[in-house]
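Structures for review follow.
Below, chain A partners chain B and then partners chain C, in two separate complexes.
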Partner chain A sequence: MSDTLLEVRDLVTAYGKIEALKGVSLQVKQGSITCLLGPNGAGKTTLMMTIAGILRARSGTVAFAGREMTSLRPHAIVASGVALVPENRLVFPAMTVLDNLRAGAYQRRDDFAPDIEKLFQRFPRLKERSAQLAGTLSGGEQQMLAVARALMSRPKLLLMDEPSLGLAPLVVEEIFRIITELHRDGTTIFLVEQNAHMALKVAQHFYLMEQGKVTFSGDPGSLAEDEVIKRAYLGSAK
Partner chain B sequence: MLDFLQALSDGVLFGATYALIGIGFTLVFGVMHKINMAYGAASVGGAYCGLLVLQVMAGAPPLVVFFCAFLAGGLLGWLVYLTCFHFIPITNPLATLMATVGMLLLIDEIIVHTTAGMPMAYPAMFDDVMLRVGEFTLRGDLMMVFAVSVLCMAGLLALLYRTRLGLATRAVSQQTVAALLCGIRVGQVNATTFVVTGLLGGIAGAMIGASVGTLSPLLTTPLTVKGLIVTVIGGLGSVPGAIIAGLMVGGFESVLQLYRGVTERDLYVMLLLFVFLVFRPGGLFAAKGGRD
Partner chain C sequence: MLADLVQNTLDGLAAGASYALLAVGFTLVFGVLRRVNLSYGPAIMLGCYAATFVHLHYGAGLLALAAICVLASVAAGAYVERLCFAPHGKGSAIAAMVASFALWMQLEEVAMLALPRHLYPFPPLYEGGPLAFAGFTVRVEALVMLAAAVTVCALLWGILYRTRFGVAARAMIDSPVAAELAGINVPRISMGVFALASAIGGLAGFLISASVEQVTPMLGMWSTLKGLLAMMLGGLGSLPGAVIGALVLGLVEAHSQWFLGPQLRDFIAFLLLFILLAVGPRWIRSRHG
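Let's look at the complex of A and B:
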């Protein structure tokens, strides 16, 4: 299994006494788009936040590129090559678009101006608005900015938490076009999505998560799409 | 009319020190969403430490005293961070507040005991200079206070908007989780904020000493109250707000002192706060897009 980039094993994360993750195990293969689907409250965001080091795991391990990183602090996780595009984007609202990107490159000591140029080619709207405050951008533009900001650290693994949340269908399509482009350029992507239809189109592998546990793992096509959608939105009837 | 203008200009010049204190409160609040109640006392403490230079080197120029107050303020800021924030659970809103109140009392007591509660003379610069335009005068020492304060504010704004540390500070204050995700060490930014505000506080304390001519432990409480008023009027977390509110409160209290006397003065400052709380609770510049 040398091509496993991210390995999560028996991960338990709790808020006080309530366990949001009850022993989650999954893998993200190098160079893949892996997708995590599941209803609200399944623990998807908790998983992402735990991998990124914002939340502390109670037990279990997260290994990135074969290196244990469960106990690492967020800055060390970023330094090792993992970046998270958080749910609700969380741009710095009173900072310019350009400063948001600079913050994304906070740990880099080399010249990152070429990266900004490249990202501006990929996201021309951000270039137009580079001097504007991020809080004044539309939801779609803020999502592009959040993605671009995460890419500024040149991650090997990009975690994305519901990038299509609350966006218009056309914008959602653009986000997914960008996801496939990033993937084609060699970034491994681990994607949490509610939009099961779009997610299954781009992913090579997907997991279903319900009530803090992984309940299904397979390739798109291994489960009928309407069944996936049903379980992703409603959970499986038990 | 001339009296009014005279009182207003003196007050605005002196208000620059309030602005510095307000910035200290507001910056810590912006970054950590915590009130550092010890800030006023630490600022006065820093100013007192500046006087230590005169013990070692009698007749040292005032500039050296001010600079030492500046450095001591930074050190005190770091100590306040270490004792009241670093090891104390941040998630409990009362814990750090009570810790800083304790620190306020401690610093106050230390000053009272080491100086036997007696006011101490503080050196000033240009206190023999007087700029006259007809009957209207501008005191040299007050202009020095104003110039030094403005210089510090300019330095702070440059730090916030032109440096990597400033970028991190703004990021943490606007979106702490996102700042963590960008790889910013939030604990370091918090500690640095305390040092930077401490430096400003030391200078503010020294400038107050210089313009009043003496330092007294009685300064700490009113300074804390004024600083908090300036912070609220300016808008919690807003640096430009604190600057404008500081100058405003300075001018306001000076004019009221002219017409109503020094004993009633602070009453009207409180009334100004009341007016703001009722009609503009967010302050002059309500922080936009903050965490709340």
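Let's look at the complex of A and C:
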């Protein structure tokens, strides 16, 4: 339980001259739900996109299961067992729900039909709408689809960027129920959330990020929740 | 009068079928890469020149020439992809387009160095005259072109909707970033789409050259213009739209040639595009930003 699955060390990512990540270091332990909190513009999404290989790090390293993967292309990172559910879901709007899942299985060479069946049991709404274009789904359904698509690659580590963003409270609860289920089934989860209250309920460990740096890390309970929330939303007053 | 209209419509559909083949290839590349490949036509021209070269020096049957057109177009297309499109990645669309213009000039020079005369004969697709029925005439070449366009569209649909490669290509058309996150090998699929588009273009080039029974270096520019025009008429990036745009272009050209004279044929086609871009429905003007 205690070995490190994802190790980020001194990661610097920049847009032109502006450094969005100014040397981020953190670890995600095998079998955990680890949560990353922080105000808007802290660099959380940049970190996720850098781990997934969409953005190139200027310096620093990302290691997954002990293997350096900073220079890998995104598809190779997916093949090694890391999948990102991106911010704003990014489903394929002009493709059917079923084709979205097939696209998520692109790296798989084995028969993935049983996986689709399993995911349809977990997300019955997706089964009902399997022939429907993803762009016509509601926000919550698109989020389920984005999660299901990521799971099609059978990731060992699931990265989730703001999965509750813009969703109704009931749907948010459903998303978090799914997160705990996935965790129970053995998937390690690294979660970026604005909803600190929900995130701290499910996470075993959390990091606070502000202005491109990790400023605090601890277990839920190591800091009063309202203090965490204050910092996560407003940044620490200095 | 009515007989003329019908005959012109038949001729227009035949021309439209050849434009459809060109436009479908153009649209595939545009859809997947969001890039205009000006060297699309010149790569096809080079394929046809390669076939002409083999025909003149060694002699070869029509089927062999068709295969050479397709293979040489794919090779030239892959060359263009490596030099113009792969290195720029998510970078500047303009840089890629200008680079593809530079390769256009290069491919034309290669063709003219290999076969320096302005015009070379290409073996005919069909030796006999046109078919006549009910007072109208249809060239056999036109029927072959139409059949080829229908077959290619059906095959393409099968590839896009029934294969793993097709799922990946459509995913890239839909959302390139999401495609990368889904684990799709984007550079490989780009290359595959380029090769597929070039193969369709090569087939179109062969059929066109064998219909007009000659090749000139102008075939490159002609193919790029017709493909681009048909794609834009059909709304950028839509494959069914490209086919419809190509048929519309063929019909407009055939009718305006008859009523207004051959000098105004291309003028009318571009005028139509101008009007559509200026005041046409929004989906024509702003598809894919």
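Keep in mind that, in the parts below, the second predicted complex is superposed on the first by the 236 of 238 C-alpha atoms of A that agree within 3 Å, B and C clash if a C-alpha of one lies under 4 Å from a C-alpha of the other, contacts with A are read in each partner's own complex, and residues count from 1 in each chain.
Methods note: a residue touches a chain if its C-beta (ideal position, glycine included) is under 8 Å from a C-beta of that chain, and two chains touch if they have at least 3 such contacts.
Predicted, not measured: the structure shown is a model, and the values here were computed from it.
Bringing the complexes onto one copy of chain A puts chain B in a clash with chain C.
Residue contacts after overlaying the shared chain place A:218 against neither chain B nor chain C. Of the two partner chains placed by superposition, chain B and chain C are both touched by A:90. Contacts of A:169 after superposition: neither chain B nor chain C is touched.
On chain A, the surface touched by chain B in one complex and the surface touched by chain C in the other have residues 52-54, 73-75, 78-79, 83-84, 86, 90-95, 99, 102-104, 106-107, 149-150, 153 in common.
Taken together, the chain B residues at the contact with chain A in this complex read 164, 167-168, 170-171, 174-175, 177-185, 287-289. Interface of chain A with chain B (complex): residues 52-54, 73-75, 78-79, 83-84, 86, 90-95, 99, 102-104, 106-107, 135, 149-150, 153. Residues 164, 167-168, 170-171, 173-175, 177-187 of chain C are the ones that touch chain A when the two sit in their complex.
Against chain C, in their complex, chain A makes its touches with residues 52-54, 73-75, 78-79, 83-84, 86, 90-95, 99, 102-104, 106-107, 149-150, 153.
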